[in-house]
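In C-alpha cells below, several structures.
The same subunit A turns up in both complexes below, where it pairs with subunit B and then with subunit C.
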Partner chain A sequence: MASISRRKFLGATGATAGAVAAHGLFPSVLRAQAEPLRIGCPLPLTGPFAALAADMQRGAQLAVDELNAKGGVMGRKVEVLFRDDELKPAVGAQRTKELIENQKCQFIVGGLAAHVQMAINEQTKKAKVLFISTSQSDEISAKPDTSPITFHEALNPTITSRVMGTWIAQNLGKKWWIIYADYAWGKQNNAVLQDTLKKQGGTLLGATPYPLGSAEFSAHLPKIQAAKPDVLVSVTPGADNIAYLKQARSFGMDKTMKLAQPLLWISYLKEGGPELYSDIYGSINWYWELQDTIPSAKKFVEASMKKFNMPPGDYGAYSYSGVLEVGRGVELAKSTDAEAVANALRKSPVYDHFKGKEWWRACDNKAMQDMWIVKGRGPGKTKGDWGLMDIVAKVAADEKYDRTCAEKGFV
Partner chain B sequence: MGRHPVAAFGMFFAVFPFLMPYKSLASQVLIFGLFALGFNLLYGYTGLLSFGHAAYYGLGAYGTGIALAKLKLGSLWLGIAAGPLLAVLGGIAIGFFCLRRRGIYFAMLTLAFAQLLYFVAFHLSDVTGGDDGLRGIPQLPLNLFGWKIDLEGSLAFYYFTFVLVWLAVAGLKRILDSPFGTVLQAIRENGDRAAACGYDVRRVKHLSFVFSAFFAGLAGGLDALRLAVVPVESLYWVTSGQVVIMTLLGGAGTFFGPFVGAGTYLVLGDRLAVFTERWPLVIGLIFMAFVLFLPKGIWGTLIDRLPGGTSAGAKP
Partner chain C sequence: MDFSLAAVLPQIFTGLVLGMLFVLLAIGLSLIFGLMTVVNFSHGALYMLGAYFTVFFLGYTRNFWLALLLAPLMVGTFGLLIERFLIRRLYGRSPDDPLLLTFGLSLVLIETAKIIWGKIGLTLDPPRELAGTVNLGFMIFPAYRLFVIAVTIVVLFGLWAFLTRTNVGLIIRAGSRDPLMVRALGINLNRIWLLVFGIGCGLAGLAGALAGPMRGAYAEMGVTMVIESFVVVVVGGMGSLLGAVVAGILMGQVVGITTYFAPKAAEIMVFVVMAVVLLVRPSGIFGEAGLAE
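After this line comes the complex of A and B, so read on.
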C-alpha cells in the first residue's frame, strides 16, 4: 500500500465501481455478446497419462487460436479452460461441475480415461451442457449412458479391435495369444479381439489378464513362448506398453512371433524409442505424416509446428477436432443451447478438421472416421524426432466397424 | 458456536452456499464434513484410528447408488436410507473383527477390510460397474408430505443435503452429550480404568464404530446423489487417508474441527486447482505446519485462544 498514493487509490476504486455499475446497467443480451464462449476441458494433466493429456491440451489450444483468428464464434472470443481430473472419476466430476457452475462453460470437450469420461458425462447430462468426449469408450455412445447432447469424437475398443484384429488375422497369422490389462478398457478389447479371431477362423491359444499399471510381465511370458503363437496381441496401455515390450524383446519373442496391438500412440513411441517399437504393428486414428496426402492434416501440423515446434499427436488431434466442432455447431445453430447445437450437428454431420471426411452417426452421435494400420520404424529408418511409424494401410470409415444402432440400445 | 453449537451450525450453513464460489462446492463441503465428523467420533472421541473409513463412505455410496440405479427403487427416501444401512451392516461385521486388536493392529485391520471391499467392488462389475463406476443414478424429486420438490438445481440439492446433515449433526451432538458419549471419552483416556468402572469396553467401542459407519455411510449416499456416479475409488485407501487429513487439519477431538478441516481442504483445493496442478503440495505443507506447530488443528487452536475456551474437554 505504501507505494500507492491516496489519490491514486481513490481513483482506481472509483473507476472499478463505475465499471461494475456500467456492467450492471447494460442489457444482459449485449453483455452476453461480449463475453467469451467458454469451453471446459478436463484432462488427466498429472499421473501416468500426463504426456497424452499435454498433447490434448496443445490440440485444444490450437483449435481455439484458429477460431479466434477467424474472429471467434458468432463474434465472440473463444476460451478454453483446462482442469486436471487427476485420472479420478470423482475429481473429474467435481472439476466439471466447477467448470459449468463457476466458470459458466457452455461446452465440455475432453476426458481421456474411459471411467473419468463417464463421470464427466453424468455431470454434463444433468447440467444440459454439450459434451464431446475424446476418450476411447464403447459405453459413452451407447444406451443407457449416452444422451442426445453427448458426442464421441474418438475411436472405441470395438472399432480398433475389430479393424486391427481382422488385419492381424489376415496378414500376420491366425494362431494368437492375447495379453491384456485387467480393467474395463482392456477387457472390452480382449472380448472384441477374441470374437474377431473366431470370425476369421483363427485359433486362440490363450489369453492372459494382468493388473493394470504392473511392470512385471516375465511370469507370463515363458508360458506364451512355449505355446508358440503366430502373433502375440497385447492390450497394454500407457507406461505398461513400454515395460511389456522391453520384457517381450528381452525374451526374444520378437524373433519367434509377430508382436501386434490394437492401438499405437506416438507419445509412447517417442518415449520408448525406435528400437523398442521396431516392427510393432498397431492401428492409429491419425499420424502427422498424413499431411503429405491430406490437406487438413497439413494445416493442423503447420499450426502446431509454428506454435509448439512439434507435430501434434493422435490424441491432440481428437481435442483439436472436438473444439472446432463446438465452433461449427454454434455457428450452424446460431445459438449456444446444447440441444440446438446438437441438432445442428446431426443435421449437417460431415466435417473435416484434421484427417479427411468424418461424420456423426445420427443415432448415437459417434464420429465415423478413417483409421490407419501402422508399424514402428526401426532405428536408422526414422525421419526426424517424430517420424517413427510407417503407414501400412488405410482403413476407410465405415459404420459396420462399430456396433449397430440396435446393438447400442437404439431402437 | 458457544452454548448452542447445533443452532449456530444451522445458521452458518444456511447462508454458506452464498459465501462459496459455486453451490456444488458448498454441498461437497457439507458431505465431506459429515464424513469427517463421523470419523472423528471414532478417532477423536473414542481414540480408535481407523485407516479404512472409506469402506463405510463407499458402502453408503454403493448402497444408495445400487438401490436407485440397479434396484430402481422409486423413492428418494428409500435410496438415501439404503446407503447408511449398508454402511452400518459393514460396520457391525468389520468392527466385530477389528476391535479384537488394538493400536496399529486395529488400524491395519481396518485398512485391510476396506481394501478387501475395494477389490470386491472392482470385480463385481455387474453390480457395481467395476472400474467404470456405478452410473445411471437418477435424480429423483423429493416427496415431502405430498409436496414434490425438484432437486435438479444445485441450490435445491444443497438445502436438501443441509437439512439431512444438520439432523445428523444434531444427532451426533446428542450422542456425545449422553452418558454414552462420556464413556467414549473415558475409554479414549484410559480403557483399563473404564473397564474397571464396570463398562463393557469392547461393546461401547463397537457401538461407536457402528455409529461412525452410519455417519460416513450417510455422507457416501449423499455424495452418490450429488455426483450421480459412484467411482470404485470411493472405497480406495486414498479416500480413507483424505478423511484422516481433514480431521487432523481441522482438529481431532473437537466437535466442529473435522468440518472445518474438510471445508479448508476442499475449498483450498478447488481454488488452487484453477491455478496449478500442484495444489496437493500446498495443502500438504499447510497440513505439515499444523501437525508440527499447531497439533490441535485449525478449530482446536481457534477455540483454545477464545476467552474461556479450551479444546481439552472436547468442546464444540
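After this line comes the complex of A and C, so read on.
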C-alpha cells in the first residue's frame, strides 16, 4: 500500500504554500525570469563615427531603462545588446546574424552608416526580424531594398539636403562647391544638393568626392579656394567633419566663403569646440534645448542628465525612439512576431517619444518628423557645456520633403 | 578644367606638406631596414603615439613647442625599449619574425591607445603663433603647414650631418654595408642598432606630432600612413635614405596632383606609381640590387 509519511506530507505542503505565497508577493520577480525581450543594436563603436555611436548606445540604454521601469514589455524584461560593426558592411552583417541566431534577438534597432545599415537590413529581411534603422539613407525605405518589416526612424539625404539646400541657396548664396564623402550617404546628399541648387537657380562650380574616414583634406582645398564659391557645402560625416573644418579654416576659407552642411551633430560640436563650429550652418533632427518647448524632449533630457550627467544628442534620440517604438509595437500587437508588430505600427502610426508628433508613412515605413536649422554658437556665446547651437528655424514635418511613395517604387 | 601652372601650383605646394610626412616616416623605416633588415610594421602605431603624446604633453606643459620636442623623444625612448626587449631576441632568425612581431605590436598599441585615450580621438590645435594663414601670392596657405615643411628640412639636414660628419654616423653607414667587417673591427653593433631603432621611431613620433594639429589624434591614424610610407620606401629603394626623401616628396605630389584632376583616383595612384617604378627599376629609384632580397 502506497503511503506517505507525515513529515513528507508537511514538507510538501509547506513548499507549495511557500511557492504560492511567493508568487503572490513577488509577481514581477517571477515574471522577470521569463525570457527577456532582446533587442540587438549594431553600431560603429570604433572609427570615425564612434562619438555618434556612443551617443546612440546611451539613447538605447535610456529607452530600455524606461521600458523596464514600467515593468517591461508584455511583462517581459527588455535587454539591449550592442555590437561593433566597425563601419564595415561585412562585419555589420555578421554581427547582426550573430545577434539574431546566437543571442536570439527578436528586434534590431541601429545601424549608423548607410552602407552598413543596408547590409544589416539584408540579414533582418532574411531572418524575418523587425529592423528599425537609425541611419540616414534614402534607399533603406525605398524599393527594392526595403521590406514591410523595415522601418526608418532617421531623416534621410533627400529630406535634409532638400530642406538645408533650399535654405542655403536662399540665405547664404547661390554659387556652390560641394565636397562629399564618397559612399552611399555622401553620394545621395550630393545628388539631392545639386538638384536643389538647380531648382533654386544657382550655379554649381564643382563637386569633389573624398574617401570616407579621411583626415586629410588639404589636397582638395586649393582648387576650391581658386574657384571662389559663395558657399562651400560639405557632406563630411562623423570625425571627418572636424578634420575638414579645421583644415578649411586653416586655409582661411571661412573668411572668403560661407561654410554650410546638410547636417550638424552635437557630439562633434562638443568635440571640436565652439571656435571651430562658430557660424557653421546645418540642419538637425533634435537638439536638447528643445526641452524648453517640447514636453517629451524635457523628459528625455532629464532621464539622460540623471543617468549620464549629460544631455542626449541628435543620434542618441534616434535609437531612444527606435527602442521605444519596438516596445510600443509589441504592446500594440500583443506579439513579438515581426509582421504582427509591423502591422500594428502601421495601424497606429503616430508617436511622440522625444520631439513632438512623428508618424510612420504607410507605404514605406518612413518616420515623418520635424527638423530644425541650426548654427554653431561662437566662443563666449555658448550656454554651459552643451549649449552649442542656435536654432535658426523650425521646419515642420511634411511628406513633400521626401520622395513620394511612387518615386520610391511603391505603386 | 584648368590646366595652367597657376591652377596646379597651389596643388603642388599642398602636396609638398603631405610629402614631408611621408619623408619623415619613410626615412625612419629605411634607416631601420637599411641597417638591421627589420621591416618595422609598428611604425604607423608609433606615428599615432607621437600625436597622442603631443596632446598629453601639451595638456601637461601648456607649451606646444615643449610638447613637440618631448613627444618624439618619448616615442624614441619607447623605440629603444622595443629594440632592447623585443626585437633583439629575434636577431639571426628569419626576417619574417621581426615583421610579425612589429605587426602584432602595432595592434597592441592601437588597442591600448583606445583604452587610454578613448575610441573617439582627440583634436589638437596649432600654437597661436602659427594658427593664421600666409598669402603666398598664388594661394592662401596655413602658416602651420609652412612650419611643417621647415621642420622637416631642418631635421633632414641634421640627420644628413649626423650620418656623414660624425663617427657614429660613419659606423652606421659602414654597418649597413658590411656588418661583419664592422664587428671585426671591435665595434659593438648592438648599441648602434639600438640607437638607430630609437632614432627611426623618434622620427615616426615627430611625424605624428607634426600631423596632430592638422589631422587630430586617433587610434587608427597610422594604419594607412604606414602602408603609404612602405610604398614610399619601396619606390625610393629599400634602405636608401636619399630614395626615401625623393620618393616621399614624389608621392606627396602624386596625391596632390591626382586630387586636382581625379580626386577618386588619388589613393590608387600611389600604388600605380609603385607598380610602374618597380617594373622599370625592380629595386626602386635609388635601391641597390640585393639589399631587399
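As a convention for this text, the second predicted complex is superposed on the first by the 378 of 411 C-alpha atoms of A that agree within 3 Å, B and C clash if a C-alpha of one lies under 4 Å from a C-alpha of the other, contacts with A are read in each partner's own complex, and residues count from 1 in each chain.
Rule of thumb we're sticking to: a contact is a pair of C-beta atoms (placed from the backbone, for glycine too) under 8 Å apart; a residue touches a chain by one contact, two chains touch by 3 or more.
Here the structure is a predicted model, which means the values were calculated and not measured.
Contacts of A:Asp145 after superposition: subunit B is touched, whereas subunit C is not reached.
By the touch criterion stated above, A:Ala114 is placed in contact with subunit B alone, subunit C being left untouched. With both structures placed on the common chain, the touch criterion links A:Glu79 to neither subunit B nor subunit C. By the document's definition of touching, neither partner reaches A:Glu399: not subunit B, not subunit C. By the touch criterion defined above, A:Glu331 lies against neither subunit B nor subunit C after alignment on the C-alpha atoms of chain A. Once chain A of one complex is fitted onto chain A of the other, the partner contacts of A:Asp65 are absent, as it touches neither subunit B nor subunit C. Applying the stated contact rule after C-alpha superposition, one finds that A:Gln94 touches subunit B and leaves subunit C untouched.
Once chain A of one complex is fitted onto chain A of the other, the partner contacts of A:Glu122 are limited to subunit B, with no touch recorded for subunit C. Of the two partner chains placed by superposition, only subunit C is touched by A:Ala239; subunit B is not.
Of the two partners subunit B and subunit C, it is C that touches the larger number of subunit A residues. Shared interface residues of subunit A, touching subunit B in one complex and subunit C in the other, are 45-46.
For subunit A in complex with subunit C, the residues that touch the partner chain are 45-47, 50-51, 54, 182, 208-211, 215-216, 218-223, 225-226, 239, 242-243, 246-247, 250-252, 256, 271-273, 276.
Remark: subunit A residues 45-46, 83-84, 88-90, 93-95, 97-98, 101-102, 114-115, 118-119, 122-123, 125-126, 139, 144-145, 183-184 touch subunit B in the complex.
Chain contact summary for the complex, subunit C toward subunit A: residues 2, 7, 10-11, 13-15, 17-18, 114, 119-121, 123, 126, 131-133, 139-142, 144-145, 214-216, 218-221, 255-256, 259-260, 263-264, 266-267.
Residues 21-25, 28, 125, 130-133, 135-137, 139, 152, 154, 227-229, 231, 233-234, 270, 273-274, 277 of subunit B are the ones that touch subunit A when the two sit in their complex.
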